[in-house]
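Order of writing sets the chain letters: A, B, C and D. Residues in each chain are counted from 1.
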Amino acid sequence: MTNIDKNTTADKMTIAGNIYEAGNAREFKTGDWRSIRPKYISEKCIQCGLCFPVCPEDAIPVGKDQKRTDFNYDYCKGCGVCAKVCPFGAITMQTEDEE
Amino acid sequence: MAYNMKEIVAERPSRFTSGHRMCAGCGAPPVARMILRALKPEDHAVIANATGCMEVSSFIYPYTSWTDSYIHTAFECTAATLSGVETAYHSMKKQGKLPEDNHTKFIAFGGDGGTYDIGIQSLSGAMERGHDLTYVCYDNGAYMNTGIQRSSATPRFADTTTSPAGSVIPGKMQSRKDLTEIMEAHHLPYVAQTIAYMNFKDLYEKAEKAIYTEGPTFLNVLSPCPRGWGYPTEDLMQINKLAVETCYWPLYEVENGKYKVNYKPAKKLPIEEFLKPQKRFKHMFKPGNEWMIKEFQEEVDKRWQALLDLEEMSNKAE
Amino acid sequence: MSNMIEIRWHGRGGQGAKTASLLLADAAFNTGKYIQGFPEYGPERMGAPITAYNRISDTQIRIHSNIYEPDYVVVVDDTLLESVDVTAGLKKEGAIVINTTKDGEQLKKLLKGYEGKVYTIDARKVSMETLGKYFPNTPMLAAIVKVSGIMKEDEFVKDMEGSFKHKFAKKPEVIDGNMKALKMALEEVKQVS
Amino acid sequence: MKREQYTNSFSNIERAKIVDKNEQKGCVPNCAKKGEDTMSIRERLSGNEAAATAMKQINPDVVAAFPITPSTEIPQYFSTFVDNGMVDTEFIAVESEHSAMSACIGAEAAGARAMTATSANGLSLMWEMVYIASGMRLPIVMSLVNRAVSGPLNIHNDHSDAMGVRDSGWIMLFSETNQEAYDNLLMAHRIAENEKVQLPLMVCQDGFITSHSIENIELLEDEKVKEFVGEYHPKHYLLNAKEPMAMGPMDLQAFLFEHKYQQAEAMKNAKQVILDVAKDFEKMTGRSYGLFEEYKLEDADIAIVCMNSTAGTTKDVVDALREQGIKAGLLKVRVFRPFPAEEIAKALSHVKAVAVLDKADSLNGAGGALFTDVTSGMQTNNVTVPTASYIYGIGGRDTTSKEIESVFKDLMKDSKKDKIENPYRYLGLRKE
């Protein structure tokens, strides 16, 4: 867990802005950038995989079984690329408040 | 490993994590992620990154999206910086200062600004010196980080903030620099041009070849920018497709001088198909500007034919 | 620095005046002296007049400026006498050594009435007879050592034999010629006024 | 950027000499003769040879450099060492100085020891990366052979290149002689790599005046140097596969200020570390170094403050004046960054007039950079001594004993007044 923030004093900060926990950006959630969200309709999904690699945010979890699950809304920015590449209507874009 | 997209995504966790701050729908992260998936899971990598969109949004202190070692120094010297890292690796390996089992690969990422323009001297120098590294240019056709100024990778007639489509000068008047050919002129063991298309197969396979070919290798990857090009974010993959199907961005590779065009559209689409969805080319479709589309098409045809000729010649030669 | 000797070399780019000043520094160094050897820098090209300097002392040399009032001047190429004021600042209790076949009278005119001692040596003759080629360095080096007395002749000869043996390790044939040149020059150098 | 390349002094001969001597003896030039104290080796080398020899004995992992007069000989000699297998170093013949510093940054960040050498416009081209090297806290060591920065083009010595990077966060050591250039380089890594410091360091010497002048020098044996310099084991480095790390972030308003403060602290720490390392060095060599050298300053009425080779000439003049009963003295600055403001002020507090000699003009209409640092140091430490700034030796203009003497003569007049007149002066300039 990165313990550096706006209140960290100079003596507690890593020098030169080095970071020794590679990949710690996972702690930085970008989900709140979203104005519209993808909805995953698993019944329609045939696990073709077309959407797996296109997500800029890596917000489509894919298990060892090579099957995807619902979106990781902590990071999804709602770009809609995934919905557009799905030929089966298994992903629809809707406003944040829609159910 | 033979490319099976689902298997690779499932087996090889992303080495470019969530939590970066690129624009929604940016074309670069899927490219970077798939290129890094071409690394053997057991291999360590040092990534060097030129100042640009990707750098300022993937490592904002104290958060980094890179799970491998990463260094950013400046805009124009990414190749030189990485050449120093690579040389240190060989020197320390030679002297037994690194563990035997330390296998490190070296990959640079730069935008077209940091690669085609301000960084070309450093790139040319590092490539000529023969360092064992892979340089990846993610080409989004302008200086997007500073707000869409024209670069030498910007296509002709494009409307940018330093080549605005005006009443006298209708956008950028010069054609795109062909960096892939400039890199090939360095006689590198492997040079390729690719894009995220058709399940990323072409991208992945070229990345794997580039990373695991000894010596300096170069990948030029077209990486659309919804903001700079002016298309709806969700159309990313469609734009990629059109870039290839119109032969605006041919997929090809050069291995030790031998050209291979990896994809030849059965029916080459007219360039309008690629230009139309993008606001930066909007003015080309105004009545009276038909000549612009015509000339753009001629340029695309000329370069496509030249590429086919090179393929034929380079393979005949023996 | 009363015991310090200052020497100025005049030659043409490519003739090895710089090299000669280095060799002199080396020889003096090897006999235990403190030395400085430095050329005056510029975009020297073949044939252009060049100047090089030596300081030789029994105590540490701290001064870092050019030499304006040398004790000795060495002229490696007498065609310079017309174009360069070779005796500028030269102490009259000092001396000038010139590679030339000219006699005292001819030199008097060229040296604009320099009152100090003038020595000459035909380095070309020495060089041709001993080495079969024109290398003025070795003869001029021997000449200035003899004239300035900065070190004993036998010490000098012994030391040079050592450095030639090292320098020409790969072509021993020339060691002999150079030693001959050295000894011959020590004989040949003569005072003309 | 086009650079004139001049024939370098003796370079071919000396280079050959260094090489075969080393082939013969397997160590530094002219390695210990019989009956000679094996502790140190009596040699004669140019300043560039001395720097190259130090680099050979340090045996860094990577050297990246681009030729530029008058430092060109250093990469020449060094690549000879590399190509003859006399060092473990990998040499990168980069295509520019900008890439030289970039490659050094990459190598040092990777976990290696990296060194380079340059001059004048080469340093100017590097400038961006010079700041990045210190900002990234990488203890790179550079040999800077001082030369005038264009334009107009001039290949000769002054300090405008060094003065141009005086606020770049590098430790800056100046060297009067080839010996000091050599000694400073041998001490460099122990200072730069110290955990309390972690800053890059440059060792300056005067182009041509010392870099191309063959002079006596005492060298150390390879083994002694190896032992003294020690091995480099950075805590964090890119090539550590067990701890991947990221360097060179986008560092925004909330953080850059603190990171710069860390640099400032490191620079302050460097002062004591420099003295500690000098103590160890003296134990080994008998040669003592401080933040600056005081020559007959203790009881001096008038004093000159200067850096690099001019200090030697000044020492001769001081001795000559002392013989005439004039109490002249010298303060030679060795450590210019960190700047020993308090110590210098204290050392000068008793004199009646001071002249600070700057081999570069700040062109600020008020005096040279060293002058500004010295006088502000005196002011903040409540030392009031009439002090004048002398700009001298620009573009290789030779500085003679007579001229140094004239400065002392000026000071004798100045010392009689309570306020110094026209404190911004030129030495050796032609004007009506």
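In this section, a contact is a pair of C-beta atoms (placed from the backbone, for glycine too) under 8 Å apart; a residue touches a chain by one contact, two chains touch by 3 or more.
On a predicted model such as this, the values are computed, not experimentally measured, just so you know.
Touch-path distance (fewest steps) from subunit A to subunit C is 2. The greater number of contacting C-beta pairs, out of the two interfaces B-D and A-D, is seen for B-D. Computed centre separation for the pair subunit B/subunit D is 43 angstrom, with centres defined by C-alpha atoms. Between the Cα centres of subunit A and subunit D there is a gap of 52 Å. The distance from the centre of subunit C to the centre of subunit D, with each centre set as the mean of the Cα atoms, comes to 34 Å. A straight line joining the Cα centres of subunit A and subunit B is 24 Å long. Residues of subunit D in contact with two or more other chains: 136, 244-249, 251, 255. Residue positions of subunit A with contacts to 2 or more other chains are 17, 19, 22.
Contact between chains, using the touch rule, shows up for A-B, A-D, B-D, C-D.
Those residues of subunit A that touch subunit B in the complex are listed here as 2, 4-5, 14, 17, 19, 21-30, 33-34, 47, 49-50, 52-59, 62-66, 72, 74-75, 77-81, 83-85, 93. The touching residues of subunit A, counted against subunit D in their complex, run 6, 8-10, 13, 15-20, 22. Interface residues of subunit D, counted against subunit C in their complex, comprise 4, 6-7, 9-10, 13-14, 20-21, 44, 70, 155-156, 206, 208-210, 212-216, 309-310, 312-313, 315-316, 396, 398-401.
Interface of subunit D with subunit B (complex): residues 61-62, 64, 88-90, 92-96, 98-99, 102-112, 114, 128-129, 132, 136, 238-241, 244-252, 255. Within the complex formed with subunit A, the subunit D residues making contact are 135-137, 198, 236, 243-249, 251, 254-255, 258-259, 261-262, 265.
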